[in-house]
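Below is the structure I would like to discuss, written out as structure tokens.
Letters are used for the chains, namely A, B and C, taken in the order the chains are written, and counting of residues starts over at 1 for each.
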Amino acid sequence: MRREIPILITIVIGWVMVMDFFFPPVSSVATRMRDWTLILIAISQMLGVANVARINLDKVSRKHPDAPYAMVLLLAIVLMIAFGVFLPKSATIGGLTWGGHEGGSVFDKVYNQMYVPMQGTMFSLLAFFIASAAYRAFKIRSPEATILGVTAVIIMIGQVPIGSLLWDGMPGLSAWIMNVPNLAAKRAILIGAALGAIATGMKVILGLERNYVGGE
Amino acid sequence: MDWMQRLEKLDRRIIFVIMLIAVSIPVLVRLDMPIPSSKEVDDYYETIEKLPDGSVVFFPADFDPGSVAELEPMMRSALTHLWRKNCKIVCFTLWDTGPGIVDAILRDMAGKMNKEYGTDYVFLGFKAGREVIMVQIANSISGVFPQDYSGKPTKDLPLMQQVDKLTDTKLIVNISAGYPGTKEWVQQVRTRYAVPMLSGCTGVSAPEYYPYYQSGQLSGLLGGLGGAAKYEARVGVKGDATAGMPAQSMGHLAVIALILMGNVLYVVNKKKAGAR
Amino acid sequence: MNISTEVWIWVSALLTLAIYSYLYRDNPVYKFAEYLFVGLAAGYYFTIYYRNTLIPNLIDPILAGPKDLNYFWYIVPIGLSILLLSRFVPSISWLSRWPIGFMVGAFAGLAIIGNAQGDLISQVQANLLPLVDPDSVTGFNNASGIGGKLLGILWMFGNILLIVGLITTLIFFFFSLEHKGPVGATAKVGVYFLMLSFGASFGFTVMSRISLLLERLRFLYGDWLGFTIVR
């Protein structure tokens, strides 16, 4: 019964979500189930944070080489949760709002001045790596690679102002590529992926797909 | 190994420096360039322009700080355009690390355009649930968001007393960085309800949304910083996207030059190896 | 140059440079910034999920007390949430399959409807096109110059290429038939359409990545070092 009950739950919930589209009377049941789903998702994400903390606590207790960094991580988690969750919004000390999560609070300040720049910078590293990859790995060895390379160059020039300075038809050519051949291929991928997603969804709500419940 | 073979195996840190210099110069030195528009941007502009003044607009801002560079200019231009027409904005986000940055942009723009919270716009914050929320919110906004981002009851906000369902709004303006985003809104909401939808998305996602634009599921599309710059030009604001276009152009030219150089060296070195 | 004296700008700038130090090589400064980032992210997630979902959608309604019999349905999400906690106890972690099954079912059901109506039907319908778009003929007639006329011809063939492109690409993805003979030739055409779309995606991806770098450089040069940057 360890696998059968969760599979039965999946089947029931899945069919309620599908039937909600076709039979209005099911709507109130489906709405309630969706309300429960959003609570479960929130809890599962919070448990994910607890798991991250547990793994890093483990590194500290085992004196792993990364233990000092793990302590930084744990301290960051503790401080963010202390500011955002436990300190009341009325905790104003020294002109700063130490509690709460809205604009003007310490939580918000740390987010905007530390987290936001760091995430932006992490993603911006990709600009350097894509340039390095373009130089080292983008080798035009076949007709297919030639088409890919030429198209990429046309799009890169056509989507920025320098394209219209080089040739006034470049933006138009770039637009044609995006709206005709790119569209055709992307539409085929969309349709193929939709068929696959429908098939997988049907397997799940018919109880044929059981990998998510794991072993016995 | 001769110099051409050494050049083919160039240390990637030198390539990083080349990119840094290429993109830095136009940041510091003014290079004015015209910004021609495109049909999907024109349609985006016209869709908002044709909205009756004072319309309520559904504004899911589904992004996080990782995509702020491309999407913040779009969001600012869209808010400028909508607020010039005195449209009312119901904003929220489905990205868990997004609410802080979305709230900051909204408050900053509201301050610049003299818009009042609760009457001209509301920010409902974040809600977990992705597609589940999309379907749920279409039927009852206050049911999903009983409180706004700062914890105030939604039903106490004047704007939320006029609107509670998606069909109470005239337009969906989605700013999207990926999943969940435009694709899911189109699948779950746009096709079920007859509310037109616009999308401003990152460059990475833009090519896959062209089928939605051609089918009419999206009435307009802004793709990446280029799309943002074209829209800024239409709206008549000179924002970060417009200012960034020369640097963007130089970056693209640098990448193209690197691709060409890499291939020339590959061909030459391959011929030399074959001759030996 | 007019270097900022604001503490938070310096904090942002130093953290930015700490992460950029990875470009030279992996080092302790980068590792510190990376772990700090993960810690801040985790703390932020927890707070936002708690404040924006748990409080308004579960805790406040429960504390408000029963207004009608629907109140007692909250026992279900509370019960399922407790079962999720069993994940941390290996001997009873199988109980967490119940809430996982619940979530999987919800998303599977929504995926079927979303993909069917939003992607499959709408996209097939959108590709039922006339072979030549009358607007494209008008566009060709109105175009000037060789470049304009060439683009006009491309647009006139647009609908035909959309139809051919979609069919040939779908045939490429149909692996139940061996790609030999006429099927192989058709699939090859589909591959060329795919390469065109991947080239377009690569071009847009480059644009996206460079934008991200641009934003950080504008911060470092403008806000931190105080250079006059182009606005």
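FYI, a residue touches a chain if its C-beta (ideal position, glycine included) is under 8 Å from a C-beta of that chain, and two chains touch if they have at least 3 such contacts.
This structure is a prediction, so every number in the text was calculated from the model and none was measured.
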**Per Cα centroids, the chain farthest from chain C** = B
**Prompt:** Of all chain pairs, which one counts the most C-beta contacts?
**Reply:** A-C
**Prompt:** Just how far, in Å, is the C-alpha centre of chain C from the one of chain B?
**Reply:** 11
**Request:** Go ahead and note the Å separation of the Cα centroids belonging to chain A and chain C.
**Result:** 7
**Asked** So, what's the distance in Å between the C-alpha centres of chain B and chain A?
**Response** 15
**Asked** Of all the residues in chain C, which ones touch at least 2 other chains?
**Response** 23, 41, 44-45, 48-49, 51, 53, 57, 106, 110-111, 113, 115, 118-119, 123, 126, 197, 200-201, 204-207, 210, 212-213, 215-216
**Message:** For chain B, give me the residues that contact two or more of the other chains.
**Reply:** 16, 19-20, 23, 66-69, 96-97, 100, 127-128, 130, 132, 135, 144, 149, 192, 207-208, 211, 214, 223-224, 226, 246, 248, 251-252, 255
**Prompt:** Using the touch rule from the top of the page, what residues of chain A touch 2 or more other chains?
**Reply:** 21, 34-35, 37-38, 41-42, 45, 101, 111, 115, 117, 119-120, 122-124, 127-128, 130, 134, 149, 152-153, 156, 159-160, 178-179, 182-183, 186-187, 189-190
**Item:** In the complex, chain C residues that touch chain A
**Value:** 8-9, 11-13, 15-16, 19-20, 22-23, 31-51, 53-54, 57-58, 73, 76-77, 80-81, 84-85, 87-88, 94, 97-106, 108-113, 115-116, 118-120, 123-124, 126-127, 145, 147-148, 150-151, 154-155, 158, 161-166, 169-170, 172-173, 190-207, 209-210, 212-213, 215-216, 219
**Asked** Residues of chain B touching chain C in their complex?
**Response** 13, 16, 19-20, 23-24, 26-31, 66-70, 96-97, 99-100, 125-128, 130-132, 135, 144-147, 149, 151, 184, 186-188, 190-192, 202-204, 206-208, 211, 214-217, 223-226, 238, 240, 243-244, 246-248, 251-252, 255
**Item:** chain A-facing residues of chain B, complex
**Value:** 10, 12, 15-16, 18-20, 23, 33-36, 38-39, 64-69, 96-97, 100-101, 103-104, 107, 127-130, 132-133, 135-136, 139-140, 143-144, 149-150, 192, 207-208, 210-211, 214, 223-224, 226, 229, 245-246, 248-249, 251-256, 258-259, 261-263, 266
**Asked** For chain A, which residues count as touching chain C in their complex?
**Response** 2-3, 5-18, 20-21, 32-50, 52-54, 66, 69-70, 72-81, 83-85, 101, 107, 109-111, 113-115, 117-128, 130, 134, 144-145, 147-156, 159-160, 167-169, 172-173, 176-195, 197-198, 200-202, 204-205, 212-214
**Item:** Touch list for chain C against partner chain B, complex
**Value:** 23-24, 41, 44-45, 48-49, 51-53, 55-57, 60-61, 106-107, 110-111, 113-115, 117-119, 122-123, 125-126, 197, 200-201, 204-208, 210-218, 221-222, 227-231
